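In C-alpha cells below, several structures.
Two complexes come next, and they have one chain in common, subunit A, joined by subunit B in the first and subunit C in the second.
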Partner chain A sequence: MSESVKGFKFVDEVCKNPIKKVKELKEKTGRKIMGYICAYPPIEMLTAANVIPYRVFGDVNEPITEGDRVLPPVICSYVRSIVDLSIKGKFNFLDGVIWSHSCDCMHKGGFVYTSIVGKPEPYVLEIPTTVREGTIDVFKYELSEFKKWLENFAGKEISMEELKEAIEKHNKQRFLVRKLYELRQQDPPLISGVETLKVISVVEALPVEEGNKVLEEVIDEAKKRKDKPKKQRARLLIWGSIIDSPALLQMIEEAGANIVMDDTCVCSRQFWLHSQDPSIKTTGDLIENLARSYLLENKCPRIYLGSYGDLKKDYKKDLEERFGYLKDYIENWKVNGVIIHSLRCCDVHGYEVPQVKDYLSMLGVPSIYIEPEYDAKSLPPLRTRIEAFLETIS
Partner chain B sequence: MSGKKRVIRRLESMRPLRAKVDQSYMDSVKAMQEGKPVAWCMFNVWIGDVILKAMDIVAVYPENYGAVCAAFGAAEKYLNLADSDGIPSHVCGYSRNCLGYAIRMFKELNGQIPPEAPLGGMAKPVLLLASSTGCDPRYKWFQLLGRYMDVPIWTLDTPTPSTIEHIMDEKYGEQVIRFMTKDLKEFVKFLEKLLGKKMDWAKLDEIINATIEIHRVWFEVNELRKAVPCPMHSRDFWSAMPPALFLAGDPRESVKLYQDLYKEVKYRVDNGIGAIPEEKYRLMFSELPPWHSLGFFEDLAERGWNFVIESWSYHPPIPLSKDLLEKIEDPLERIVRHFYQFITGYARETIKMGIKCYSFSAPYLVWAKDYKVDGAMLHPLITCRAATSHLYEMGEMLMRVFKVPSLVVEGDIVDLRVFNAEDALRKAEAFEETMQHYKDERKKAGLGW
Partner chain C sequence: MYFAGIDIGSTFTKVVVVDSNGNIVSKIEVPTRAEQRKLANKVMVEALNKSNLSLDEIAYIVATGYGRFNVPFADRQVTELTCHARGINSIFPSVKTAIDIGGQDSKGLKVKDGKLVNFVTNDKCAAGTGRFLEVMADLLNLKVEDLGKISLKSTKKVKISSICTVFARYEVMTKISENIPIEDVIAGLHYAIADRIIRMVSRIGIEPDVAVTGGVAKNVGVIRAIEDLLGYKVLVPEDPLITGALGAAIIGKNIVEEALKRGEVIKRGPRRLEEVTFYW
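Let's turn to the complex of A and B:
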C-alpha cells in the first residue's frame, strides 16, 4: 500500500485484509506480535515491551468446523470461532496470544486452547470478579506476573520509563477515540456506526503510534468531507456482547437508523475509562495505576458492579450505580432508541439484559433485545424486527 | 422405573445421608417461620457455608433446588415464568428455575412460599451469598435476583491460577490464600452487622474441622472404588453427597454417617462384592447427571456397566496433610487452603504426569488410570457451560493419552425433553464394541488395564 493512502481510504484498504498489513509490519520492523481477545489485558505493557498488540477477531463468515470438535455448541460462538480459526492456522502469524478470565467461556476456552491448540503460545490472564481494595491488589499482583512472562516472551525487561511512555501513547489513543466518537454527537453524525467499527478495528491491528496517526487523519477528514452519513429516522445506541464485524451494524443502518453510540467490547469499552480524568495516571506505581483503571473503570458486565456488601439493597439505586454511564451516552449523543445485543450463550450479558432494559425504561428510552449467534447467516431474520422497532420509535 | 427389576446394589449407609437434603429444605421453612435467618447460597466450595453455619444462618441452595424441581416435575412452571419476564432462555437452567420461583414468590404471592413448591419450597432469604467460583451465573444470577427482592448480597471472590506455571507456583497460591482469608474476615464482619450478633469462633473452628474430616473420609470412600469390581455405583455417590457438598445438616454429626458409609464399602471390597452383579465395563460419568432420569443407569447396569467415578465438581479435594492443617491456627485460613487444594489439586497431579491440561478435564485424566476405566460417558448440558465446556477436550485427551473412548449423551439439568434415554441406550449398545476394541489397544500399548 502506498504511503500516500490515508484516512478512510487507508482504513478501507486495511480492513480488506488486516492480517496482511500486520505481517508486512512484522517483516519490516522485526517486532513480535501479540494477539489479545478482550478489553482487560493491559496492552500498554505490550507496547512497552516493543511488542505489537493485535486485537484478535473471529470470523462471522467462516463456518465453525474444527472448533466444534473441541468446544461444545453451548460455548459462545465467538470463542468457538477463535479456537476454530486457531486450529485452522489463521493466527499463525502471531507470536503469542493472551486469553483472559473475562468470562467463563473465554476462561475455559483459554484452557482448552492451551491443551489442544497450544500455538501461538498462550497466556491466560486471571481477573478478579469484584472491585474493592483487596481485588485491586490481587489484580496488581496478576499484572506483575504477566509483566514477568511478557519480558521473557519479548526477551527484554520493561523499564518504568518505557511503561510510562507507552501509557502516554495509549492515553492519547483514548483521547483520540473520544474525539472520533464526538463526531457522532452531531445530527446527522459525521461518521457512521459501520465506519467507526472499521476505524477502530484497524487501530486495534496497528502499533499505537500508527493507530493514533490513522485516528487523527480520519477525524480531520470526517470533519471536512462532503459525503457524510445521511440523517436517518432514529439515533441508536447499541449495547452488549462483542461486535467485531460490520455486518450487524450495516444491517441496522441500512434499515434506516444512525448508530451514534455503542457500549460494546471492541469499540468504546476498549478505550473508555469512566473516571473524571479519562486516562491512566503516569505518576506513582504504574502497575497499580493499570490495575485500578482496567478493573475499576471498564464497564464490562463480567465485573460485579453495583451495591455490594450493603445491609440494605435498593434495586433502583443498584441500576443507577451500574448503568448510570448509559444516561450520559444517551443525553450527549441524543439517543432515542437502544439495541440490546447479547450473543447466544453469553452469560454475562444475558443476565444483564432484563436489568439494562429496566434501567432504560426508567429513563423512558425504548429498547429492543436481539440474541443472534456469532454468524452472519443469523442476521437477515433480525431485519424485520429492527425495522418494526425503528417504525415504533420514529 | 417403578416395577422394574433393580440391578444396582444400593448402599444402606447412603440413605441417612440422602435424607439430609429433604431435611434441609424443611429446616429452612421452619427457620423462616421461627424468624431465624435464611440465606440463598451458591455452591461456594464450603468457604461461605461454614461461616453461615457458625452464625446459625440456615442455607438453601437454589442450584440444588433446580435439580429438585426438575426431579419433581415442577421446573416447567418456573421456567415459563422466567421466559415471560424476559430472562434469556440460553442462561443456566437452574438459574431460570430459581428466577421463575422468585417471580412466583415475590411478584405473584407477595413473599409467600409457592404452595406447589416441592419439599416445602425455599424460604424467604435475608441474604444472598454469591460466588465467583466455577461459572459466571454464580454471581450474575444473584445480581439479577435483585430485580425481585431487595435482599443484601455478598459475593465470595475467588481468583484462581489460570496458567500452568501459576498452578505449580507456591508463591502465587500463597497470595491467593492471603487475599481470600482476609476477604472471609470481611464477610464475617458483614454478617455480624447484618444479624447484630458476634461470630462464635470456637464453633466455626469445630465446623471447619468437621467439614475437612467429612471430606477426608469421603475421599477415602472413593479411593475404595478403585477395587475391581467397584463396590459403589455413581448413583450412590450422588445420593450420598449432599452433606459433603452442600454441608446439608450439621457437619459434626455427618462425619459419623460417612464413617458408616466407609465401613459398608470396605466390607464390599474385602468380600469382592460389586455394585452390580456382573461388572463388564467400568465407566466414568462427566459431569452433572440427568437428575430426572436416573433410572437410566439401571438399564446400563443390566448390561454390565458399572459407573466407578464421576462428577469432579461434586468430589472432595485430595486431602492436605493433617500436620499441615493442624499447624494453621486461623480456621478461615484452614478452609481457604482446603478450597485452594480443591481448585488446584488434580490439575497439579495432571501436570506432574506430563499432561498439559488444567481445565475441569484434569481430574478425569488422573482417574482414568487409577480407576481403570473402559470408557467415559460425557453429558453436555444445553444451558450449563461450566459443566460442559471441557467435555470434548476431555474426550480428546482421554483418547490421546490413555486410549479411553467417550460416549456423548446430550441432556439438560432442568429440561427433561433434551435427554432421550432410549436413544442413549441404543448408542450405549454400539459403544460396547468400541470399549472392547480400545481395551485391546490399551493392552497393546502397555497401558496396564
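Let's turn to the complex of A and C:
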C-alpha cells in the first residue's frame, strides 16, 4: 500500500486484509504484537512496553470446525470462532495473546486455549465482576502481576514515564473516537454504522499513533464528504454483544435504517463514550488509575455496576443507575429505535435483555430483541423481522 | 378504485383485490412452488380476470410474504407481519393478539389501534408450523386437511415430548407401533404445536381477543388445542389463509387515501407484469 492512501480509502484497504498490514508493520518496526480479545486489558501497558496491541476478531464467514472439537456448541460462538481460528493457525503472526475473565466463556476459553493451542503465548487476566470496597485494589494487584509478565515478555521494564506517555496517546484516541461519533449525531449521519465499525476495527489493529492518524484523517474527510449516508426512516442504537464484522450492521442498514449509535464491543464501549471525561488520569498511581478507569468506565454487562449490597432497592432506580447512560445516547444521537442484540449463548447480555427492554419502555423507546448466531449465513431470515420493526416505528 | 395485495408465502400464494369500501372483490389461493414464485404475474392476471379488472384499474399493489421481492408489478413491499396485523384488524377489530401459523413460519402479533406494535416469530426451526403437520400426515398416509377432523375422535391424547419435527416423527412411529389409536396420536401432535406456539407468543404477552390465522388455522384440532391451553375461545376468520394479502390490499388503500387527502400524486412503482428471476 502506498503511503499516500489515507482516510476512508486506507480503512477500506486495511479491512480487506488487516493481518497483512500488521505483518508488514511487524517486519518494518521489529516490534512485538500482542493480541487481546476483550476491551478490559489495559492496552496502555502494551504501548508502554513497545508492544503493538492488536484486537483479535473472530470470523463470521469461517465455519467453526476444529473449534467444535474442543468447545461444545453451548459455548459462545464468538469464543469458539477465535479458538477455531487459533487452532487453524490464523493468529500465528501474533507474539502473544491476552485472554481475560471478561465472562465465563472467555475465562475458561482462555484455559482451553492455553492447554490445547498454547501458541501464540497466552496470558489470562483476572477481572472482578462486582464493584465494592477493595475491588479496585484486587484489580490493581492483577494488573501489577500482568505488568511483571508483560515486562518479561517484552524484554524490558516499563517505566512510569513510558506508561504516562502511553496513557496520553490512548486518551487522545478516546477523544478522537468521541469526535468521530459526534459526526453521527447529524441527520443523516456523516458516517454510517458499517463505516464506523470498519474505521474502529482498523484503529484497533494499528499502533496507537497510527490509529490516531487514521481517525484524524477520517474525521476530516467525513466532515467534507459528499457521499454521506442517505437519510433513512429510522435512527437506531444497537446495544449488546460483540459485533466484530459489518455483516449484521450492513443487513440492518440495507433494510432502511441509519445506525447512528452503538453500545457494543468492539466499538463505543472500548472508548467509554458515555463518560463526561474519558481520560485516564496521568498523575498519582498510574496502575491504580488504569484499574479504576477500566473497571468503572466500561459499561459491558459482564460487570455489575449497580450499588452492591443494596439489591432490594427500587427496580426503576436500579435501572436508571445502570442504564441511565443510554438515555443520553438516545437524546444526543436522536435515536428512535433500539436493536437489542445478544449473541446465541452470550449469557452476560442475555441476563440484561429484559431489564434493558424495561428501561427502554420506561423511556418510551421501541426496541427489538434479536439473538443471531455468530455466522453471516444466519442473517437473511432476520431481515424480515428488522424490516417489520422499522415499519412499526416509522 | 381497487387495491390489490399479493402475499407470496412459503406454501401458498394469495392475492386479494378490494374495492374502495374495503370489500373483497376477488381472491386467489394457489400453492407456492419455486417456479410459481417466479410466476407471480400469472396469479395476478388470474385475480384480475376473476374480477374483470385491468392492471391500470388497480390504484395500488402491495406485495408481502417471503417472496415479496419477486413481484415486479408491486408498488411497495411491506413485511407480512405488518400486513397480517392490518388484515386481522379489518376482519376482527377487537383482536389484540394474532397468532399466524403458516406453512414454514409462525408468528405472534400484538395489534393496537389497527397497527402492529410488537411481534415474535420463529426464526430457526419449522417445528411449530404447517410443515410439521405435513410431515406427520405424510407419515400416517393421511391428507393434511383431514387431521383436524380425525383428532376430534380422540379420547386420550398421547404426549409428544419432542419439539423437533424429525424426532417427533420418530416418536409418532413408535406410538403407532404400540397400537395407540391414530386419533390420539394426532391429537397429541396438535397439542405439541399449540404448546410450542403459545410459549413463543407468550413472550410478547397474550391478551384476548385472540385470533388464529394462516393455513393451520383451518385445522380444527389445533384450534381446539390452543383454546384448551389458553382457557378461552379464539377467533378464526372464515378464510384464514388470506389475512396477509387482505392486510396488504388495505395498506395500499390507506396509502392512496392519505395521498389523496394531502392532494399528492400517488407514487407507484415501475409496474412490470412479467416473470422474474430470483434476486433476493
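By definition in this document, the second predicted complex is superposed on the first by the 386 of 394 C-alpha atoms of A that agree within 3 Å, B and C clash if a C-alpha of one lies under 4 Å from a C-alpha of the other, contacts with A are read in each partner's own complex, and residues count from 1 in each chain.
One rule holds in what follows: contacts are C-beta pairs under 8 Å (C-beta built on N, C-alpha and C of every residue); 3 or more make two chains touch, one makes a residue touch a chain.
This one's a predicted model, so the numbers in the text were calculated from it and none came from an experiment.
*Asks:* Mind working out whether A:G306 is in touch with subunit B, subunit C, both or neither, as first, second, both or neither?
*Replies:* first
*Asks:* Output check: A:E387 vs subunit B and subunit C. Expected answer is one of first, second, both, neither. What do you get?
*Replies:* Touch partner of A:E387: subunit C, not subunit B.
*Asks:* Quick one: classify A:E161 as touching subunit B (first), subunit C (second), both or neither.
*Replies:* neither
*Asks:* By residue count, is subunit A touched more by subunit B or by subunit C?
*Replies:* Touched residues of subunit A are more numerous for B.
*Asks:* State whether A:E254 touches subunit B only (first), subunit C only (second), both chains, or neither.
*Replies:* neither
*Asks:* In the overlay, answer first, second, both or neither for which of subunit B and subunit C A:D220 touches.
*Replies:* A:D220 sits against neither subunit B nor subunit C.
*Asks:* In the complex, go through subunit A and note every residue touching subunit B.
*Replies:* Residues of subunit A touching subunit B: 69-72, 74-75, 101, 103-105, 107-112, 114-116, 118, 123-130, 134-135, 137-138, 141-142, 145, 149, 301-302, 304, 306-315, 318, 342, 344-348, 350-355, 357-358, 369, 371.
*Asks:* Going by the contact rule set out above, which residues of subunit C touch subunit A in the complex?
*Replies:* The contact residues of subunit C facing subunit A are 66, 78-82, 115-119, 121, 123-124.
*Asks:* What residues of subunit B sit close enough to touch subunit A in their complex?
*Replies:* Listed in rising order, the residues are 85-88, 90-92, 95, 130, 132, 135-137, 139-141, 143-144, 146-147, 150-155, 157-166, 172, 175-176, 179, 182-183, 186, 190, 193-194, 355-361, 380-386, 388-393, 396-397.
*Asks:* Within the complex, which stretch of subunit A touches subunit C?
*Replies:* 378, 381-382, 384-385, 387-388, 391-392
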